[in-house]
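Per-chain residue numbering starts at 1, and chain names A, B, C, D and E are given in the order in which the chains are listed.
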Amino acid sequence: MPDFEPILLRRINAGASPALDAYRADGGYRALTKALTEMTPAQVVDVVKNSGLRGRGGAGFPCGVKWTFLPPNHPGPIYLCVNADESEPCTFNNRILMDKDPHQVLEGILLACYATKASVAYIYIRYEYGTAYRSMQKAIDEAYGANLLGKNILGKEFSLDVYLHRGAGAYICGEETGLIESLEGKRGWPRIKPPFPAVEGAFRKPTVVNNIETLACVTHVVNRGADWFKTIGIPPDPKNPRDAGSYGSKLYCISGHVNKPCCVELPLGISVRELVDKHGGGVWKNRKAKGCIPGGISMGLMTEAEFDTPLDFNGPGKVGCLGLGTAAVTIFDDTTSIVDVLYNICRFFAHESCGQCTPCREGTGWMMKMLDRIRQGHGRMEDLDILDEVAKSIGIMPGTTICGLADGAGWPVKNAIAKFRPELEGYIRGGQKTSMSLAVVH
Amino acid sequence: MLISTILTILIIFGALQALAGGLVYVERKICAFMQNRIGPNRVGPVGLLQILADGLKFIMKEEFVPHYADKSVFIIAPAIGLVCAMLCFAVVPFGATDNPADADYITHYQFIIAKNVDIGILFIFAVSSLTVYGIILGGWASNNKYSLIGGLRSSAQIISYEIPLGLSILGVVLMTGSLNLERIIWKQASGGILEWNIWFQPLAFLLFMISSFAECNRLPFDLPETEQELVGGYHTEYNGMKLAFFFLGEYTHMVTSCFLMVILFFGGWHFPFIAEADMWWGLKLIVFVAKMALFIVFYMLVRWTIPRFRFDQLMSLAWKVLIPMTLLNLVAVMFVKEYGITPWVLLPVSLGILVGAGLIASQPESKESPLAA
Amino acid sequence: MPIAESEVRWVKAPTLGLLDRLYIPAIIEGLGTTIKHIFQPPVTQQFPEERPDLPANYRGLHRLNRDTEGRVKCVACYMCSTACPAHCIDIVAAPAPAEWKDREKYPEMFVIDELRCIYCGMCEQACPCDAIELTSMFDLTGLTREEMMFDKEKLLSVFDQTAGTEKDPIRTKAGALSCASEPAK
Amino acid sequence: MPALSDEIRAKILAYIPRYPSKQAVTLPALHFVHDAMRCVSYEAIREIAEMLDLSPAQVHDTMTFYQFFREKNAPLGKTRLWVCRSLACSLRGGEDLLETFCQKLHVQPGGTTADGKITLEFAECLGACEGAPAVMVNDEHRHCVSDVDAVIREAQG
Amino acid sequence: MAVVLINDKPVDIGNERLNLVQAAAKAGVFIPHYCWHPALSVVASCRMCLVEVGDKKPDGTVAMQPRVVPACQTPAKDGTVCITNSEKAKFSQARTLEGLLLNHPLDCPVCDKAGECMLQDYSYRFGKAQSRMIDPKNRPANKPDIGEHLSLFTDRCIMCSRCVRFTREISGSAELQVINRGHHSEIDIFPGDPVNNPLAGNVVDLCPVGALANKEFLYKQRVWFLKSQKSVCAGCSTGCSIHIDHNKDIVYRIRPRENPQAQGYFICDEGRFDFPYINGKERFDRPLVKPAGERSEPAESAVAWETALPDIRDVLKKSASALAAVVSPMLTVEEAYLFAKLIKGFSPQATLYLGWVPNVGKDESFPRDRKGNPVGPVQFTIRAEKCPNRRGVEEVLKHFQGEVLGFDRLIADISSPLPTGGEGAGVRRRPQALYLTAGYPPRLGAWLNDEQTKTLSTIPLLIVQDLAPTPITQTARYVLPAATFAEKDGCFVNHANLAQQIRWAVRPGTMGRTDGQIFLSLLGRRGLIQATKIRQELAAEIPFFAPLAVGDLGEFGVKLG
């Protein structure tokens, strides 16, 4: 697809001002006006549902379908929680959206709230996004000033309050129920489902949780219609009845050992190789890539040979990865030790496991301890089998934990052992020491 | 005459007591050697004073009579046992007797308490079988079920074995023609070693020996006291001197039976070229005691070699084996005497009876063989 | 569980021949054996003067082991008294002194009634921390019953007496014999 | 003397209407206190709990979960300097950068310099992967850090 | 009517709202669980109860879910299929246990929970013997002082969060919290706020492992030495069902026993920790008699039961017409009945009074908010009436004399100029002899004030039956030992007319006899008291107690009235 015209990043790439006036001048809030004047909330839901817009937060659940789960005729209040706790390592697309074009996001929020009849939206924004926080706050203030928020928005029977809620550095608060718990002022322990948040979420009320990028997409879906949206991306695989298709564009984050780490918007279905070579400027220092992480570290690992896999909602699954995730591609070159990569990943999950479910709490810590030992040259061959089994029993064996963190923690380990076993064995056999300096603190 | 008799009694009595004590020591030593042990060695040189220590211990022990026991009988019983055992020695000729056929035999001093008793053997048998009263009474008076069973066993055993015991010596008596022990010795001393009754009555000797083991309650026939089953049997409740009396009685009995074996079958004090009839009485005494000692040692060897019988085995041995064999032996002697056949015939006859008994026992169809283990 | 018929082996009483039935030869043979022994040297050990050589697994007097810092190794878990078939071990547990950082619990009182003990060694087997052991000390006497109630100090002093003699090594859980807390030689 | 200033109290009270439950203000309240006092003392927790009708344990429970807030025994310095050690950054030298900072500032991650100006911390992904290795000064990112001294100067500044 | 299939075994759960753990228990299948407790909210975090779940369609096909799910979180509905013994379920359980044991110190030998520890039991049943981890374990420091009665062994904790939920949901005091996250999570208190709420002791029972320990019981006994007796707490009129754990006639521990009819799952600390007086050294264990006519002399002499009881019987008979008796609400129904029968047997004019009914403070109900006000549905109530059997004794008294005369009336009657003699039914007389039963636990303090004591001591013949020396036993002519609830059989009737059975756990000293035995002997009946027989006797005689005719009241008791 030659030179895709970016949608979400259009204004950003153009270097447009994030201010309300500039946004309006570029045609902003047209979608809102359109929805408020011409459409009922149900129609908005239908448009989004028909567009096949899938959540950009990682799980890829169809956004419109999610909205229909809300109990009909609920007396309210209904809440929208905007998941801006973008903690998946290697992912930063939401930050760019919020930093540079907050009103685009805000419009999406307004539309979503209108569609779901939510009266309050909480934007749960991670603490690390200080600039984004301020940028969003400014946009909200501007919106209140312009009667785009508050009571009777644009003179219609629609009121909405949007509040920013700053997180405090916990990965698990990116999980929707963890986020809700955290929002309620408790520790961010994910809740058991059912009841799903759509039925009983924040403050025991029906709640919709959506990702920033998803909501930004909603703006354009409402603006240009479902059919337009379906022209972008990949239609569902007719052989797979459970495939909902991968429509729309996606913000791909490219990081790691590439010459030009960046965030690009491309239609879903682009391959890793194209991303790296065309948009990332190729592997750095003229080296060869050894592999990559296709969509945030919890999605698993890909080898260089698998780089031609299309990055849509189904592609990574075909090569044994968990899914598209956040479409954050991190490349590591052939000088990188896979042990270091794995250790880094396991250390992250051990640090971020919430500690609620036994398999995840103990398993992530155990995997980290094992990998640390392997890194320091005291590995045993059976450690690989144990690692594989622990990874499988905490995550891949479905349902052993409340949330998906355990799956995410187990998947890269499982992938690594399946795909890079010879290297791991060689490392253990040779008693190699790591090339990366050791972390001082776990 | 009276004084010399009393003197003799005292000597014999004292010597016997000392001997009994000594035998305990000897027995413990022999037993220890057989078991690769040392035996008593703490009191006195090589443990010799152990006898004294034991004696002292017996005397010093608290005289305890269980309150449920029949007190008088309980006390009398061991005395009966000891006295009866002692009485036997009245007629035992301790070696140095003159020929009882001599005219002055009666008037001369002989080292024997009651000399020339013509019913000597009968007397011994009569008196010694009274010891069973000591045991029965002791067992009964203890008012203890173990003791009672021990006593009953003892009576059954002693009565049963009296019969083969008595029958086995009848052959000797027939051949000698006298019950007088002195005469029996003199009869054998009249010739060389080949005149000893053992050559003509080997089977009788064997049976006599077996029966006398049983009479003395010595292993393997110590069923009345069997520590394992009866906790000491008739003397379960006894201690101190009363217990010592029972022991003394047993050892005295043993000495008696050894004397009898020597007298009846091994020529008494006679030994060719060492102790002939006309030799000094001292020599005779030494020979006599030496022979007796050998038998005692044999008793002890047997005790620590052969395991104990079962009571039914014990009874069937007496009634089914010993008594028929003694009877056959007696018949053989009668034949020899009646028809004047040379007594040497009796040697193969005895062996024949023994082997015949063995053959009968080893018949496979005889399931209930008397000696079957 | 009943024994399977196939596993039962029937043995017949041996049939005795003529010689056996005569018994005399057997008795003579038996006498021969016993007499032979009379002339063999005795095996007796003269106890107080000669000390017996006991096997390493001899089960004598108990001891309470000390750890490397000289404290009682026992953690008062009551396993020994639970395992004891004679009920001769009496323990009173208490929180360990504050300065014992590695321990929460220790025996305030630990008494073994050596008169009741049957020296079966169950306590030793049950002990999870190799704290109680049976030594090779067998000549144990006392004038009163109270004297035979061995308390903690007494049992520790048994350790002090036996440690380092190499006769009574620490028997570890693995079954091996080691000198974990023995003083260095 | 109350641990919380009136200003902070007012801020917290202003947040209460935003949420249907008072407990939800826990995190914002902790942020206010933490920003102002560079740590959250037990007294502050008590007072927050008092204001939000909670038990101090509930507030403390929430607070320790995030491992973001400092307790009184380890207050923050003037500037909080985060060095990212997530995969994207460590692939491009994040760990080395962290070590360099440690050496230059003579502190371990988590520690505060002797002059109380800088608290060095490691971060599990700052979300600035395109600018790896990244650091964060208080809550602002610095991308592609190569000049450690400049960052330190800024942080001290 | 919902039918659930547990391991292919259908079990009808009726219309109850159960989860799969409960439904499986009905089918006799045990699903291991840690974090789930019937009285607490469901968090499904321990992941011990993972099972395979499916639905049986009306057409008979079974659709199994691909995931293993926590049974505690899954409601049992008609047609739910639950498989607990498949490879998948067993694998999940074994892995969860392996995880739990990774950082567990495995210090069972010194852990007080050993023997009743769920981690031990499940490891034995569902886990495996060997850990595959060779890396160092996390060893968080212990917190020995998280409460007046509580000690926390942090390293043993498996983070089931039952204790935290208890303090938040049942007691409402929320002292406990989880700190940190991931494998460094720990249970803790907020510094300076120890867990001292009146229900705090329950967290020890709730703790499935040995992390939370009861300091009063810590290291006292290994649990396998303890024998347990089902009984009822005598602390207040709630009448909580309890286990009395005892060994060698010493009570070591009181634990709650689940009783949906009485109190639920928990007991208060007052009931839990107020038992040492049962083991008290100062208690009477034989009758004491003061020589007649020397009332000022305090010297009493202990006498044998064989002489004391006929004496007492004689003196009571002599003063039968002016006899008063105080029936303590600490007595069981059976004892009260025998006592009333005894007293009324001497003379119908003898008067029975209800003993002192201790009332301390107000009823406390839980959960409570930060300010101590009850909130939400009541989960537990500690009653102000600190005696177990006022209702039962009242009913007995009503039966025997138609009215219940309180203790104050007795004091009034003694001081007032009532006639001392004469005939005439229904006329109360000034008591010349008083048989006073007490048996109040020392926690309640001196229950008679000086004035009352003085008033009572004006009675010429005073017989006191009490646990331990008090001022009134000093002045009494006869002192008989009373027994505590742990020593007798019988039943108590709680505030809601629930009759529950108590059973003896320990013996009342070497010479002691229970109150019932004393009354029985005084009645001239022979033999040992058999509470069941007496209960049936009184059930036949007093209509109120008719439901007690069943004899054995079972675990949960029988509702009266």
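One rule holds for everything that comes next: a residue touches a chain if its C-beta (ideal position, glycine included) is under 8 Å from a C-beta of that chain, and two chains touch if they have at least 3 such contacts.
As the structure is a prediction and not an experimental result, all values here were calculated from the model.
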Partner chains shared by chain A and chain E (touch criterion as defined above): D
Among all chain pairs, the one with the most C-beta contacts: A-D
For chain A paired with chain C, centre-to-centre distance based on mean C-alpha positions, whole Å: 68
Whole-Å separation of chain centres (CA-atom averages), chain A against chain D: 24
Distance between the centres, which are taken as Cα means, of chain B and chain A, whole angstrom: 113
Sites on chain A at which at least two other chains make contact: 170, 187, 189, 351-352, 354
Chain pairs that touch, as defined at the top of this document: A-D, A-E, B-C, C-E, D-E
Chain C-touching residues of chain E, taken from the complex the two chains share: 107-110, 114, 142, 153, 218-220, 222, 224-225
Chain E to chain A touching residues, read off their complex: 42-48, 50, 65-70, 73, 88, 91-92, 95-96, 99-100, 102-103, 132-133, 135-136, 138, 158-159, 178, 180-185
Interfacial residue positions of chain C with respect to chain E in the complex: 75-79, 82, 93-95, 103-105, 128-129
Parts of chain C lying in touch with chain B, wherever the complex brings them together: 15-24, 27, 30-31, 33-35, 37-38, 40-44, 46
Residues of chain E that touch chain D when the two form their complex: 164, 167-168, 173-181, 189-193, 369-370
